[in-house]
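Please find the structures below.
In the two assemblies presented below, subunit A is common to both, partnered first by subunit B and then by subunit C.
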Partner chain A sequence: MRIWAVAHNTFREAVRDRVLYVLVFFAAASIFGSKALGWISIGQDIKIMVDISLAAISVFGVLIAIFVGTNLVHKEIDKRTIYTILCRPMARYEFVLGKCLGLAGLLAVVVFVMTAIAAVYVFLLGGRLTSSFYLAALLIYWKLLLITALAVLLSALTAPILGAIIVFAAYVVGHATNIFINLPPQFDGTVSKQVLQALYYVLPNLSHFDIASEAANGVAIAPSYVVWALAYGTVYTAMLLTLAALAFEDKDV
Partner chain B sequence: MRGRKAIVALLVVSASLSLTALSQRRLDAMRTAAFDEELLYLPNEHLLDHFTAGLSGVVADVLWLKCIQYTSTHFRGDFKFTWLDHMCTMITRLDPYFVDVYRYGGIFLAALKADDDASIRLLKSGIPPNPDRWELPYEIAMVHMVNRRDQPGAAEAAAAYLKLAVATGTAPENVAHVAAGLQRKNKLTDMERAMWTDMAQHHADKFMRDLASRKLALLDMRLACEELEQAAEAYAARTGSPPRSLRDITDNAERIDPLGGTFFLDSTGRVQNTSLLNESVDRALGQLRNAVRLYRKDAGSWPGSLDDLVSRQIMTAIPKHPYEDKSWRYDPATGEIVP
Partner chain C sequence: MDAIVTHDLTKTYQSHVGRGSVTSLDGLNLAVQQNEVFGFLGKNGAGKTTTIKLLCSLLRPTRGTASVMGFDARSRKARQRIGYLPENPYFYEYLNPRETLDFYGQLQGLDRSERAAEWLKLSECLDLATIADQRVRGFSKGMRQRLGFAVALVGDPPALILDEPMSGLDPMGRRMIRELILRLRDEGKTIFFSSHVLGDVEQICDRVGILVKGKLVVQGRIEELIAQRFHKVEVILHGLNETAAAALAADAKLARVSEAGRHFVYDDLDSANEAVRAGQAAGAKLVEFTPVRDSLEDYFMRHQEIES
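The block that comes next holds the complex of A and B.
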């Protein structure tokens, strides 16, 4: 119940943030503007619109998660409002989980609205979307949850700017971890190879949530793939939130 | 005083815009000239795939638009397409399901750059991720027929790829006709027989062995029909009228079809075999069902009639029922087609 109260408050606070509306505006503008690129693509306008729509949902969703997420705990400390919360009979982990849930709710609304805008726009322009498009949007949301959990963890550990830089770097590297297991033959038998392969399993592999190509080309997605990707994201997010709760327990506020 | 300020502002704005327009034109010219060099700085496609931060589809789209721009610029200019195959390979690496890039890239490479090796390499690379797309083997066949027509074995290769296109079950009817015609013209039945015999004897999978045995039986039926057809033509030339029954042209009218079919003469005097006709029914049915599914995906509802497939430009024509006395029965409520 206390977690829900914090989540509700976080959601209301984030909804009032002007940054949110600026980002949603740019995301919607990207979706509407995608038609212009389609005109010069030899009959691939719908494919390009779907690609850009999913990219806009992913990129602007991540920016929202980073800008809002890394500020979540720090803002409460900076404005000293955290003392009025922590002096109540509330465990610190409840505060962290509530904050994260509030942001997850906000992201759910943002992803839902942007997906609906993209779907209606594609429909109005004569395109038809397959279930892969909606599954791609679902996996993007799951990726955003993982990024949010990382942002909340860093919010409890570092300053917002440093946290934002680390989360953004993790976002880029998280899409490139496959390189660690596809090493050239020069790495065979070296310690570096073992270290990089270990890193592959430690770092979040965000490319598992990326099925935009399949969605844009109408390629069917195996339900078991989606289930495994959701399971992977859920476990990783839960681990990051546990670490965030532990980090906040030890924080001197 | 106010008027003077306005004039000064106008002069400043005019002079500045003239200068910026001049520099912009200069920059545009430099950028076009440097475009080929820009491509040199793009990382290897294997690396690029990893560093698109989940935006590989969008990067592929942007590169495809660049590729179209690059092709049209050089088409109107020096007709050199040095980087075309590199760009297409990079795009398809980023988005392996982007069939139009394989297809148009293959056409551009073969028709404009006259690099049939690169064209076939690109088209072949698209088949494993898109095994049900008939366009890719079809375009490879076209490269063999057009670019390599003077090379030995080109017709056989074209026939083999056309057969592969037909085997996807999604190819239009005319592709199946071209494939059959090419095979007849080049007398490729020996090659086909050798291929199916090898598969029937040595393939590890029982299903594939059974399929090859069936194909061998159908090949025999096709040859038998051709043989009887020639006999019917000779009969017509000799007597001045077409044969009324198979007994008029052969002593062995009760030929055994191992697939359980029978031979007969149709109303035009052509020799037909029910096993071969049933095979044609299955193929046409597959094309129609695929087209009906595409219609539903596109329009959101089943077509009202099969003619709607033509009016919506999903099919160029509705395939004729292989049996002359039958027609397709279609249920618009369920989208089901009954032969």
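The block that comes next holds the complex of A and C.
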């Protein structure tokens, strides 16, 4: 119940913040604007629109996850609202989980609304979407949950700006972790190779959640792959949230 | 059983690497009895807020223990029994008082009907009904303080811990808070509060503790602490001639003239008695002889000077 109260309040705070609507407006504008790029690619307009729509959902979702997530705990400390919350009979992990859950709820609404806008727009323009499009949106949402958990962990450890930079770097590197494992022969036997290979296993591999090109081309996605990607995201997110709860447990506020 | 007990409670803040550490609270041993109003005094930086945060489990002690209503201050059971009002309380700006109390009611573990009952009780007690649907964003200091008290009282906790509850309030606001604290004491609650406003403390506290540089230098009943010595003695003589007046003024701490006569202020009873005898011998009449006891402020200032 206490987790729910904190989650509901976090969701309510974000919904009453105008910045959210500005971001959603730009995301919707990107989806509508995708038609313009469709015109210059003959016969590929629907494919381009699906591609851009999924990219818009991902990018604007990540922006919300990073900027809201890295401020989530820090803002409560900075504004001192945390004092009257943590002195209540609630565990600190309940507070961290509640904040995350609130942001996860907000992202669910944002991803759902943007997916619905894209689907209706493509339908009105005579296109047909396959199940791959909706599965791609689902995996983007799962990726956003992982990013949110990382942002909340950093929110408990460091200042929001530094946290945002680290999460953004992790987001960029997380889409390209394959380069750490497919190293050229010059790296053989070096310490750099061992470090980069260790990073490959430690950093989140966000490319697992990226099936936008399959969705754009209408290629069917194997259900087993989707289940595997969801499981990977769930385990990684749970691990980050556990670390966030531990980091916050003994923190002086 | 005492309501609040600390034993060797110490908090040291570690600075950045190479800059050492700062001890904000040093070996605090304190006992606050149930159903008393305890005033916690000290200058800025003396360690009052640190103590309060340790009692409310917002800070981890470096050493020592604290308990509230018989439970370790860090336990959920202790926090169930504490109502906390921080200095300059901050609440979610986008909520209104009704939503704010509902939120804290949920954190306290109250169900929907209990929260509705709490709103009815507290909105009446703290006059929140007229601002029930206004967002906190536009609230004045006094309105925030009333809401802060209401939040602290959600769930009817037996112990209230208040950090500077009168700071920044106008005389009406301070009076309202004073009356509220006394009413809560009459209802059986224990109230532990820090304050800079010594006049208010003197009016409502049963006992006080004075903290200087992180150490508790004294604790006890106010009347016992300030009754221990006279602060000054004021003598008023009527009909005193100029020569005698000049002689008495030479030994006095202060001398002035009013319609009642000539006023002389002495540091001790012996000097005052001597002045009365000399004045009467010179033909003057004794109008007033007033030994003035220490006020809490005098007592507080003297302790600050001693410790400095």
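Definition applied: the second predicted complex is superposed on the first by the 253 of 253 C-alpha atoms of A that agree within 3 Å, B and C clash if a C-alpha of one lies under 4 Å from a C-alpha of the other, contacts with A are read in each partner's own complex, and residues count from 1 in each chain.
One rule holds for everything that comes next: a residue touches a chain if its C-beta (ideal position, glycine included) is under 8 Å from a C-beta of that chain, and two chains touch if they have at least 3 such contacts.
These figures come from a predicted structure and were not determined experimentally.
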Message: Taking subunit A as the common reference, can subunit B and subunit C both be placed on it without clashing, or not? Answer clash or fit.
response: fit
Message: With both complexes overlaid on chain A, does A:L37 touch subunit B (first), subunit C (second), both or neither?
response: first
Field: Touched partner set for A:I179, first subunit B, second subunit C, both or neither
entry: first
- prompt: Between subunit B (first) and subunit C (second), which does A:L246 come into contact with in this model arrangement: first, second, both, or neither?
  reply: neither
- request: Could you tell me if A:A108 is touching subunit B, subunit C, both of them or neither one (first, second, both, neither)?
  value: neither
Query: Given the touch rule stated above, what does A:A119 touch, subunit B (first), subunit C (second), both, or neither?
result: neither
- prompt: Per the overlay, which chain contacts more subunit A residues, subunit B or subunit C?
  reply: B
Query: Regarding the shared-chain residue A:D51, is it in contact with subunit B (first), subunit C (second), both, or neither?
result: first
After the two structures are overlaid on chain A, angle v-u-w for subunit B, subunit A, subunit C in degrees (C-alpha centres, nearest 10): 170
- request: Report the closest approach of subunit B and subunit C over their C-alpha atoms in the superposed model, as a whole number of Å.
  value: 35
Query: Overlap of the subunit B and subunit C footprints on subunit A, residue-wise?
result: none
Statement: Within their complex, subunit A touches subunit B through residues 37, 40-44, 47-48, 51-52, 54-55, 58-59, 128, 130, 143, 171-172, 175-176, 178-179, 182, 206-207, 209-210, 212-214, 216-219
- request: Mind listing the subunit C positions that touch subunit A in their complex?
  value: 53, 56-60, 76-77, 79-80, 82, 84, 86, 88-92, 94-95, 103-104, 106-109, 148, 151-152
- prompt: Where on subunit B is subunit A touching in the complex?
  reply: 46-47, 50-58, 60-62, 64-65, 68-69, 94-100, 104, 297-298, 300
Query: Which part of subunit A faces subunit C closely enough to touch in the complex?
result: 1-2, 4-6, 9, 12-13, 16-17, 79-91, 250, 252-253
